[in-house]
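Listed next: structures, encoded as structure tokens.
Below are two complexes that have chain A in common, paired first with chain B and then with chain C.
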Partner chain A sequence: MFFELAQLVVNGLVAGTILAVPAIGFTAIYGVLRFPNFAVASHATIGAFAGYVANVNFGIPAWGAVAFAFLIAGLSGVLNDEFLLKPLRPTGPLTTAIASVALVIVLENVIRFFFGNDLRGYDLPIFRDWRIAEIRIGPQQVENIIIAIIAMAILFLFLTFTRMGKAMRAVADNPMLASIKGINADMVGRLVSFVGMGLAGLGGMLIGLDTSIDPLTGFRAILPIFAAAVVGGLGSIPGAVVGALTVGVGEELSIVVLGPEYRSVFGFLAILFVLLFRPRGLLGERAY
Partner chain B sequence: MGLLSVADAVAGYSIGEEILKGVDLDLASGEVVSIIGPNGAGKSTLLKVIAGLLNPSRGTVRLGEQAIQGLSPREISALGVAFVPQEQNIFPTMSVNENLEMGGYVDPKGAKAKISRILDRFAMLKEKRRNAARTLSGGQRQILAMAMALMVEPKVLLLDEPSAGLSPIAAEELFETIRDINEEGISIVMVEQNALEALAIADRGYILVDGRNHRSGPAQSLAEDPDVRRIFLGA
Partner chain C sequence: MENYLIAMVTFAGIYGIMALGLNVIWGMAGMVNLGLVGFFAFGAYTTTLLTKDFGVPIGLGIAAAFVTTAIAGVVVALVTGRMRGDYLAIVTLGFSETVRITASNEIWLTNGTDGISGIPGPWRGEVSPETFNLIYLGIVAGFVLVVFLIMQRVRYAPLGRVLRGIRDDDQVVAVAGKNVIAIKAKAFALGAGVLGMAGAIYAHYTSYIAPDGFVPLITIYIVLSLTAGGTGSNLGAIVGAFLVVFFMESTRFLTAVVPGLEAVQQAALREFLIGASLIVILHLRPTGLFPERITRHEAPEPPASGAALKERSQP
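Let's turn to the complex of A and B:
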């Protein structure tokens, strides 16, 4: 029983670390643009397919193909925000959030148009799982964790040490003062759309590397992504990491009680409990 | 011609509901001007018009010879007019050091040297330079907000109720800091509820009532005027 639970916790930490990547993207966009952009779901799918093309069609190994996933999803994020969502922002966050849901459906069907409905797998070398004291972990999972941690570390360095990164945090912190100090909110908006959706795309590919991909890859992930962001505190980047680990481990452990078919219930329950008892989330005070 | 002049400014937050109904203000180089008046008189609105956060529907704002009404806050800040809002005037989750860096965002050249000069000048900020700004007390936040404004090496500093919500001791320290900043040659326009203190450190004062100039003159004579004392100073 102990090893079974330990295995579930390890699986949860692996899933949570990967989930943290798109959750950071979602929460960063919320922090700066002040609306929940559900199009992270379709951008996770776009990233997964961009990485698939790089990996399978161009023969680039998974660790290099993730860069394409980030880049293509990031560019799509900027274009979609600039031409479709930004014009709606003056009408309020609810309208923009609903438009982002519509965008999910449109983009999902664009992907379906080009790639069809079939499940697709990446071109990955096959390795035997590693066993450490009865606990199994796959080399690909370890590689995924390393990629996720490197992506988070780069983001942390960007936000901490670059002028652009600090400007992004300033707009998230106090948009009115940022404008008084001469920070260009439009430029920061484009930057956060690129980075946020890029991370969603990268996260989508990492999810796909662990299983397979299809046009609904991102859509299936949106509940845990949203739950991770809410649990950690919307707009808080360390919160998204803590929230993603909580949701990842919670979903795995819920299998013991509820069975695998109800694991996604954990995301709903986590949102419900956090909104009831700690509406600002676990780390809502810390935007960064 | 003064350093900053506002002539016949009319402005409001919605059409047909003007807060400022034709206000004039002049600031000479090196001066401290205090604006006092009852709530809703348009004092803060006037500062927002000067800072470019609100476009006047009529009237002009000049910095020296140049008309600056209609310019963006960024452009006005780059011309040397720094605005310190009354509330939410810091970036709470960023460190003191990063707040100063953002204060000088429009002019990043030599930012490190400017930050180190400012930290040498405000010992409290130096001590807390790595702390998140949200951990500072009310008075310390106001000092940080002013220090951020100094990062653009302004000609004019616009202060919106800097002593609001501070203890008398913290307010006294703050007014001393404002006096020191002025002695370095920076001209100051200050809106204050604390009218006696505001007039005590000002060269001249303006009293606004209902969006119009009510009285103006040397600060000392306004502070001693029995009518002004009775109506606005509660004395």
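Let's turn to the complex of A and C:
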């Protein structure tokens, strides 16, 4: 029993580390642009498919293909935001959120148009799972975790030490003060769309590396992504990491209580629970 | 062709009822509901279980769908009541996904992804299918009319004014001594109830429901209907629903004439067009066909002049 639980916790930490990547993307966009951008769902799918093309059609190994997932999803994020969502922002965050849901449908169907509905798997070398004291973990999972941690470390360094990173935090913290200090909010908005959607795409590919991908890959992940962001505190980047680990482990442990079908319902319950008892999330809404 | 047209008008009517339900929540009270398909599904399953498994009369099933969905709406509204609208967007979407996952997995209750068939319909089996369709069209038209009249009444009643006040600035309403959260919950309950009722009407019409029928695309249809018709306008909600059904059906013919497309590509193209048209309308004509007319009252004449005021204030 102990080892079974430990196995579930390990699985949860693996899933949570991967989930943290798109959750950071969602929460960072929220922090700067102040609306829930549902299009993270379709950008996770775009990233997963961009990585698929790089991996299967061009033969790039998974650890290199994730760069394509990031870049293509990031570019799509900037373009869509610039031309479709940004002009709507003056009409209010909720109208923009509605447009982003429409964007999910649009982008998902662009993918479906070219790739169809079939499940696709990445071209991965097959390894036997490692066993460490009765606990199983796959080499691919370890690679995914390492990729996720590297991505988060780069983001952390970027936000802490670069001028643009600091500008981004400043706008998230206090847009008025940031504009008085001469920070170009438009530029920061583009940057956060690129980085945020790029991370969503990277996260989508990491999720796909574990199983398989289809046009709904991103949409299926949307409840856990929201849950991670809300549990940690909407707009808070460290919060998204804490939230993602909580949701990852919680989903695995909920298997014992609710059964495997309800994994994703755990995310919804976590959102309700946190909103009832700690409306600003575990770490509050400060960006960083 | 006649049967096809009758079916489409019936569907447009059901969408119209849903758009009316959304209009209370989003158009009048300014609360976003991105999971309205979840409430629709909730109502559909409620009446199905009651009428098929327990032999409850259809009318009672539809009423029960209204009540249970309204209760679900109250819960959602109260949980998110004190928070900004962003949270409501997330929670409602989560709600609809949770309903769909539950319906897919609780096989003992909902028969899982296979869905439930053989849902009773009024006089189904006793009359020819054509007559049934005509009767049902009449029933749907009746519901549309009744819901429309009730919503018009709400809109011009004190409640409607308070709702628009909450939409435009809820702090002002709170300062005026209104219990904002209770009123929001009331509006959300009414809207959710109407959505659930639409679900029940849909279930008795098609006689078959499955989780696959309750995808987020339906939410987009209804939001598109209301936006195209004019957010806040009840007439706009109904007209918008008819336009959307007409548009959707014409894309069916449109994608069929594009050569060399596979079935999945045609479906993808149609869904693409639906999503794209919502984005386009939000950009080009966000107020819709019937923009909300707000009667403004002239401010009362200022007392004589500033000088007079000054004099009076002196002791």
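As a working rule, the second predicted complex is superposed on the first by the 286 of 288 C-alpha atoms of A that agree within 3 Å, B and C clash if a C-alpha of one lies under 4 Å from a C-alpha of the other, contacts with A are read in each partner's own complex, and residues count from 1 in each chain.
Convention: a contact is a pair of C-beta atoms (placed from the backbone, for glycine too) under 8 Å apart; a residue touches a chain by one contact, two chains touch by 3 or more.
Worth saying up front: this structure is predicted, and the values here are computed from it rather than measured.
K.L.:
Given the alignment on chain A, is it a clash or a fit between chain B and chain C?
P.N.:
Fit.
K.L.:
Tell me the contact category for A:T162 with respect to chain B and chain C: first, second, both or neither.
P.N.:
neither
K.L.:
Just to be sure I read the superposition right, which of the two partners does A:T211 touch: chain B = first, chain C = second, or both, or neither?
P.N.:
A:T211 contacts neither chain B nor chain C.
K.L.:
Counting only touches as set out at the top, which of chain B and chain C does A:D173 meet: first, second, both, neither?
P.N.:
After superposing on A, A:D173 lies in contact with chain B but is clear of chain C.
K.L.:
With the two complexes superposed on chain A, say which partner A:K181 touches: chain B (first), chain C (second), both, or neither.
P.N.:
Touch partner of A:K181: chain B, not chain C.
K.L.:
With both structures superposed, pick whichever of chain B and chain C touches the larger number of chain A residues.
P.N.:
Comparing touch counts on chain A for chain B and chain C gives C.
K.L.:
Write the angle, vertex at the C-alpha centre of chain A, between the C-alpha centres of chain B and chain C, to the nearest 10 degrees.
P.N.:
Between chain B and chain C, as viewed from chain A: 90 degrees.
K.L.:
Looking at A:V106, would you say it contacts chain B, chain C, both, or neither? Reply first, second, both or neither.
P.N.:
Second partner only.
K.L.:
Touch test for A:G116: chain B only (first), chain C only (second), both, or neither?
P.N.:
A:G116: touches chain C, not chain B.
K.L.:
Just the number, please: smallest Cα separation between chain B and chain C in the overlaid arrangement, in Å.
P.N.:
In this superposition, no C-alpha atom of chain B lies closer than 12 Å to one of chain C.
K.L.:
Between chain B and chain C, which residues of chain A are contacted by each of them?
P.N.:
Touching chain B in the first complex and chain C in the second, no residue of chain A appears in both lists.
K.L.:
Under the touch definition given earlier, write down the residues of chain C that touch chain A in their complex.
P.N.:
30, 32, 34, 79-80, 82-83, 85-87, 89-91, 93-95, 97-98, 101-102, 104-105, 216-217, 219-220, 223-224, 227, 262, 264-265, 267-269, 271-272, 274-276, 278-279, 282-283, 286
K.L.:
Would you tell me which residues of chain A are touching chain B in their complex?
P.N.:
The contact residues of chain A facing chain B are 163, 166-167, 169-170, 173-174, 176-184, 285-288.
K.L.:
Where on chain B does chain A make contact in their complex?
P.N.:
Checking each residue of chain B against chain A gives 51, 53, 73-74, 77-78, 83, 85, 88-94, 98, 101-103, 105-106, 108, 134, 148.
K.L.:
What residues on chain A touch chain C, complex-wise?
P.N.:
Touching chain C: residues 30, 35-36, 38, 84, 87-88, 91, 93-95, 97-99, 101-106, 108-110, 112-113, 116-117, 219, 222-223, 226-227, 230, 234, 259, 261-262, 264-265, 267-268, 271-272, 275-276, 279 of chain A.
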